[in-house]
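After this come two complexes, each holding chain A, first together with chain B and then together with chain C.
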Partner chain A sequence: MIIPADALADLRAALSAERVADDPHILDSYAAQPFHKVEPGVWVHRPIAVAMPENTEEVIELVKICNKYKLRYKAISTGWGAQGGAGFDNVVQVDLRHMDRILEIDVENRTIVVEPYVTCAQIQAELMPLGLNLHIHGAGSNCSPLASATSHMGMGFSSISMGYAPRNIMGVEWVLPTGDLLQVGSIGSGAGWISPDGPGPSLRGILRGWAGADGGFGIFTKCALKLYPWAGPSEVNVTGTGMDHLDVEIPENNSFHLCVFKDMESYGRALYDLAHAEIGYIQAKVAPGLALAISQFDRFKLTRDNENLRKMVGGFSHQFFICLQGNSTEHFDYQVHVLESIVEKNGGSMLDISQVMGTPPGAMWWMLVRNSLAPAMFRPTGNFYSTLGGDESIASALRQDIEGEKLKEGFIAEGACEDDFGDNAHTLLYENGLFAHTEELLLFDHRNREQGEKLKDLSDTVMREIPEKLLGGGGFSFFAGGYAHDYLGPQMDNYHLWQRRIKTAFDPDDLSDSKYFINSEGAELAEH
Partner chain B sequence: MPLALEDFRRDMEGCSRCSSCKWIPLSQIRSKRFSQVCPSISKFKFHAYSGSGKLNTGLSIIDGRSEFDEAAADIFYKCTMCGGCDVGCKVYRNDIDLTDTFAEARARAVELGHAPIELLMLVENMNAENNVFGEPKDARADWEAETGVELLDANAEQVDILLHVGCRLAYDTALRPEIAAAARILQKTGLKVGTSKTAESCCGFRAYESGFKSELAKFSDDMVNRVKSCGAKMVAVACSDCFGAFNYVYPKNGRALPVPVRHIAEIADEMAGGAGRETAKTAAAVSIRPADAGRGGETRTRKVTYHDPCNLGRKGQDFTGQYEGNKLDRPDEMRRAGQGGRYDEPRRLIESIPGVELVEMERIREYSWCCGAGGGCYESQEEFSLETAKERIEEAIATGADTLVTSCPWCVNNFNLAIEAMETGAIEVVGISQFIEEAFS
Partner chain C sequence: MKVTEAVALPELIHDAAERGAGITVRSSTGPGREGRSEPAENCTQIDLSGIDRIININRDERVAIVEPGVTYQMLADAIEPHGLRVCHPLLPPAGKSVLASLIDREPQTIPKYHWDFTDPLLCAEVYFGTGERFRTGGAAGPGKTLEEQWSGGMFQKNPLGPAQTDLIKLVQASQGTMGIATWASVRLECKPEIRRGFVTAGSFARLAEFVSAITRRRLGDEIMLLDAAQAECLSSALNITAPALSGGEWLLAIVIGSLPFHPEESIAFQVTEATELAAAVGVELNGDETGFVRAITAAATAAGDWKRASLGEDFSQIYFLSTLNRAEQLVDVARKAWGASEPDSDICVASYVQPLNQGRTCHVEVTIQGRVSLDDGARKLAEAGAFFSRPSAATTPVAYERCPDTVRALRKVKDVLDPPHVLNPGRLFDDPRVEV
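Showing the complex of A and B:
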């Protein structure tokens, strides 16, 4: 499918010829999106054009042109994943790469205003000399915090102290699906980027909800984010680059710990104690098989193929990594003492990771603080899928972990994914509270056609498991798109009906590509 | 066995689009300003111009979704082949070789007649006059007479060290002090140092990197024969592109030289005692004049920053063999991830010079920003090449350094062009050999 000549001419007139492409090679570079793709293979739909606006005014013009010609459009910034690509045949891909400015850092009020193509690593590097930090979402510091906060999920290693990405929003500039501009929060009433909920329109729930619209609900052009304290040096002294070769000295009043428990029960109790104690800067469970696979691949293979080593590593299943940071020595010592007490009380151990995995603690500490770990998920097999998870109470999250493991064991037995010892639940706490995030990660190679075929029904399988086993949340089956909402909605207060009405009201022609959101027309469920 | 674009299908299909190819390693980002590593995506913006996008483009072609036409070739040629994307990617991936894939795509472009005209002319020059500029082959050794350096004639007598001068150092008159200094440093070894004079040919690197793979045979055969006939025990180079050609490209193509190849920075460093030596030893070993000559007892502080040339740095590791299995299982040492680069030798030399303070740029070593001259861009993508160099000059100036030292004449030349275009007097560019010599003057 090609873009109508008049539409192409209008886009080029609005943006400039250099920033609008219809060359098939350039288009195809936006169509290769193998991550989190429901169907096997690399390619999603090829967009009919790629347009690169430089500012909000150009985004507005572009969206109005798409509305004029009834063309779908899909914005992408740093995104990796099928949800960033075109979901249909007649989509204009809006690449926001030119919009890459940090517009404002308000040190006193701890806020930052950014455009879509600024990455978390860039921001963190600028913030640390100011004694500030930001929440880095799970996709990693190579990604846009605006994209996460406005459009996709939002958990991360720093969630224990810095929350869920959308909860850090302090205001959003939003080009609606029709091309109208809406400023959400206090910025909408000219009061600056100080509050997401007014004075001015408060539409945080509408604009993204829990999972985010994944580019299916207009284009977000600016976003203010809440910042957090950083009680470390202006610049962390790091040498080396590769996962196995980083050399970092953990700064004063900072530490990294690996806490291991003997079973799920004691691990769960420790998580509750940790939440009640309100300590911790960064925290997550990264299952031992996965941790080995992404950081020490040779050791992983050695362990995988040796029954005794497997059993030994299996003993580390119930664990979490935690980084502590104190604003003073006293504050830091207090946290260390509390953590030691929690581990002791629950019969756990605090282990030296350099002896367990061979990874220096400083390297692991920095990889967690910077969140440079996320792309490493592709290292062992080339791809991974996240499934059966959600944001629930700690107890419910752990129940999902158990079910997730069973589900995954089945896939491993079928050869649908890599044998990474089965246990791969990635679990972390939110905001020093009793809420937890969990997801089951499956390592596979999308170049392996057999694995791709076997995993193509994964989302549907998960979707069925949730009501059958009375699990909470959507288990990430939302990635499957509209029909998943139609399946899950009736079991979850008919949310899908409301969501569809909202989509229709804001986007009457369904032009903001809703493949990974909800379409305005209705269910495709029968097909599935 | 020669490889083809199709042989890199798994590499191209394997890209997960995490965009690590666009940035310096995430763990090393120290500012927003200097966080990017890929000149191509930084300039041309569309994803196709990134490392990932070029893999996507190649896959689109071999999947039959698009033609290998001039537009596709343009994507592959707007790239300095610096390997920055490879380093960023290989922080995480064992199984994707970006620049090797691009090299095969360029070879396909040549086969189909889509190589830029400027690069066709370059190859013609090489074939006609044995150098990339099309200058007379008889003038290749003029630098010796012009600088007063007298090296042995390796065509006529046996030598210990064969200095391969390289096209840029042989013909660029602005670089006379650099090649002369390199030659004098070699003479300080006390060994018999010679050159092939006007019989020397281009190493063939530019043609190979530009996709004219078949041209390599002629130049490598010639080089191997000259090395053998002069009895040299070592080949010395002062150009990082020649270093990359002899140390990596030749053996990769089954045409390894019979003797070790060393860059002048390595040799000078070793002469000075290598790691752990004392400062004074550097002066005694490699300077023409003693360290205290002309100083009048005063200590002058000179702030110097160092630029890692791609082919001495991240692409400077020795060829360790072609891995034949599933690259997911490839051992670390067989990945070309910048781990074997010559980073410390030039730095030790600079740091050991009295009165010199080495101040580092943010993008260094394997995640260094490219000078913009490589990949045929100097010849065929003039504006892009110059802008890439300007970006590096801005980074160098940001350190507060007054001198930018580097170990490649192509980098020196491109940086000087950038400084001229920027009309800045904030920094001067000096080759490593000239710097060592001048520092003690």
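Showing the complex of A and C:
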């Protein structure tokens, strides 16, 4: 499809000719989105134009133009997955890269206001000298915290002390699907960015749920986020680059630990103890096969092909790493003492990671603080896929880990993905264990057509298993789009009916690209 | 009308819709402070206080599920043997429903556990104006019943969703206009073995600076700032002695509680840090010699409503959100608005500032002796930056006239969740006084 000439002219008049493109080679560059595609292959739909607004007024204008010509539109900022690309044939891709300003840092009240293309790394560099930090979501520090908090998910290594991204929202400026502006929370009443809710019922309730609409429900142009303390130095002493060559001195009152347990039961008990203890700055499980694959691929291959080494690495399956940070030496010492007690109580061990993986603890510590591990996931095989992910209790996370491993073993046996020893759960706690996240990761090569074909049923297989085996909520399956909602909704109190009614009320022409949200297809059938 | 089973609600809703009538609900017992739950004309009030089971308590998960009639005292008593406690508002009256308080987004007294404004509410069962039942967050399933979900290790803990909408946020603070909650899961915390109360007096600015410093580190359990009149209200209601304050001074009440592991050691580092931070801003932490802090941090009061016990029936109140560095200025606006700042004024205006959201925001509550008009004062406060997050009848017009985009969006949502407009019609954004 090509964009109607009148629509293109209107967009160029609104934004300037330089910031609206319909050149095929530019459009194609937005259509190569091989990550987290449900269907095999590299390409998503080619957009009919790309528009790059510089401010909220321009976003409003372009959304109104799309409404006028009944064109779908889809926003992207720093996204690196299929969810950022066009879901249909007649989509204007709205690239928000020019909206990249930090608008305000309120040190006293610990909030920041950002535009969509500001990255976590950019913010963190500004915050550390102020004794502050931000929650960096799983996609990594190269990504937009606004996109995570408003539009996608938001778990990350710092979740234990800094929560889940959407719960860090303090207010949002939102261009609704029809082009009307809505300021959510106190900012809408001219009272600053002090509350995301009210007056009365909170419109955060339609803005997103556990998951965001992935561009299917308007465009978010500003967002205020909570900040958290950083008790480290203004600048961390780092030399070298890349995972294998980093040399980092862990600052005073900070530490990194790998805690290993003999079985799932003792690991689970330790997680519950940790959840009650109110300690920890950063925490997660990264399965040993995965950790080895992304950090030392040669060692990984050696281990994979040697049965004894496999068994040995398998002994590290029930583990989590944790970074402690103390506001004072006493606080730090207390946390170390508690962690030692938890590990001892549950028959575990605290290991030196440099002996296990050959990666210096300082390097691991810094990669976790910066959250630069996520991009490294592409190193071993070129691509990966996440499944399950229905956040609930620790017990539910462990159950998902067990079932996820079984499920994955089948795909490994078929050659659908890399043999990374099966266990590849990535598990973490939110808010001192209020609830927990887990996901099962598969490494594969999207250029390998055979693997792509064998993996195409993965999303549907997991989606069927979730209700059958009670594996938490829908998790990543929600992003399969409308049909996933029509399958999971009836098994989850018919949430899909409400989600669709809200989408229809605010986007009657379904123009905000709803491929990964919900649309009116099948609505009549579902209502009956 | 007293309802004893939630399953009766769909029929009542459909019946009211057919008659063109409305429904309001009430879960607490005893008199309310603002007449919020008084039914409007042509509305039936449904009393849910008789539905009062504690459905589940789970120590490992630190969660309980409560029905509408469960009071704070009932819940506190039930969870105490499990070594758990519930976060609650300042001295909830004896008949105060936990569920009603959670659904009303009432301010909590322990800022470090207040991660988000919805806390400590997690999931809920809700009936919408269509008569449909819906369970929010992790409670949506999969698993058709709570028991089935428990068998899969799911304990109604995820407060978000399900999926890509979050309907509980639309029900909270809606005063029953969006849905009727019939049970809720509530986040609990480990009960500290050791609790040490402290008080300190000083200028609001210094105390606020100290509070900002400790909440930033998530130090301290209950933390409250009270002016002299507020401290006096509480002490007279509870028949205890408040620490002495000199002119213009505020009182900071703070509890430092032990953590589950190595309780003595946990108290030691917290007290050391708090003492150092207090000294850095020139205030001193003193022990709770009179038991004032212990008394005002209880989960419920036998005296009923402490405001009534202290002020009788004749008082007015206004509350809003602000930040610690702006709250004092807004309290001054309120005092001026109701004539308490005049040198010879005998009008009693009591102010209470509750840090929320780990200290990023605060709830400011101003109580004025006597029945006074709040309209002009509310407008002045809004102009000065007060945010009426939970509008009362008096603050509804000023709260919504400032955000017409929000009103339009909420009305659209109301049409989805309550198409016949049967749930507490004519309130909040649908109040006829709200003009867009």
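We adopt the following convention: the second predicted complex is superposed on the first by the 516 of 528 C-alpha atoms of A that agree within 3 Å, B and C clash if a C-alpha of one lies under 4 Å from a C-alpha of the other, contacts with A are read in each partner's own complex, and residues count from 1 in each chain.
Definition applied: a contact is a pair of C-beta atoms (placed from the backbone, for glycine too) under 8 Å apart; a residue touches a chain by one contact, two chains touch by 3 or more.
A quick note: this is a predicted structure, and the numbers were derived from the prediction, not measured.
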| item | value |
| --- | --- |
| Clash-or-fit label for the pair chain B, chain C on chain A | fit |
| Which superposed partner A:E453 touches (first chain B, second chain C, both, neither) | neither |
| Partner chain(s) touched by A:I123 [first = chain B, second = chain C, both, neither] | first |
| Chain B versus chain C as contact partner of A:E39, first or second or both or neither | neither |
| First (chain B), second (chain C), both or neither touched by A:G140 | first |
| Which of chain B and chain C A:D263 touches, first, second, both or neither | neither |
| Which of chain B and chain C A:W366 touches, first, second, both or neither | first |
| Partner, of chain C and chain B, that touches more residues belonging to chain A | C |
| First (chain B), second (chain C), both or neither touched by A:S29 | first |
| Partner chain(s) touched by A:D352 [first = chain B, second = chain C, both, neither] | neither |
| Three-chain overlay, closest Cα atoms of chain B and chain C, distance in Å | 24 |
| On chain A, positions contacted by chain B and by chain C | none |
| Chain C residues within the chain A interface of the complex | 60-62, 105, 115-118, 132-135, 137-138, 140-143, 148-149, 151-155, 157-175, 177-178, 187, 190, 212, 216-217, 259-262, 265-266, 268-269, 272-273, 276, 321-325, 357-361, 382, 385-391, 399-400, 402-403, 405-406, 408-410, 412-413, 415-417, 428-429 |
| Footprint of chain A on chain B - complex, ascending | 10, 13-20, 23, 25-32, 35, 45-48, 50, 52-53, 55-57, 59-61, 63, 65-67, 71-72, 75, 87, 90-95, 328-329, 331-332, 337-339, 366-367 |
| Contacting residues of chain A [partner chain C, same complex] | 108-111, 163-164, 166-167, 170, 176, 180-184, 186, 188-192, 194-213, 216-217, 226, 229, 272-273, 275-278, 327-328, 330-331, 333-334, 337-338, 341-342, 391-396, 398-399, 431, 433-435, 466-467, 469-474, 478, 485, 488-489, 491-496, 498-499, 501-502, 505-506, 517-518 |
| In the complex with chain B, residue positions of chain A that touch it | 19, 21, 23-26, 28-35, 42-43, 46, 50, 52, 78, 80-81, 95, 97-98, 102, 118-119, 121-126, 140-142, 235, 238, 240-246, 248, 297-298, 301, 366-367, 370-372, 374-376, 378-383, 445-447 |
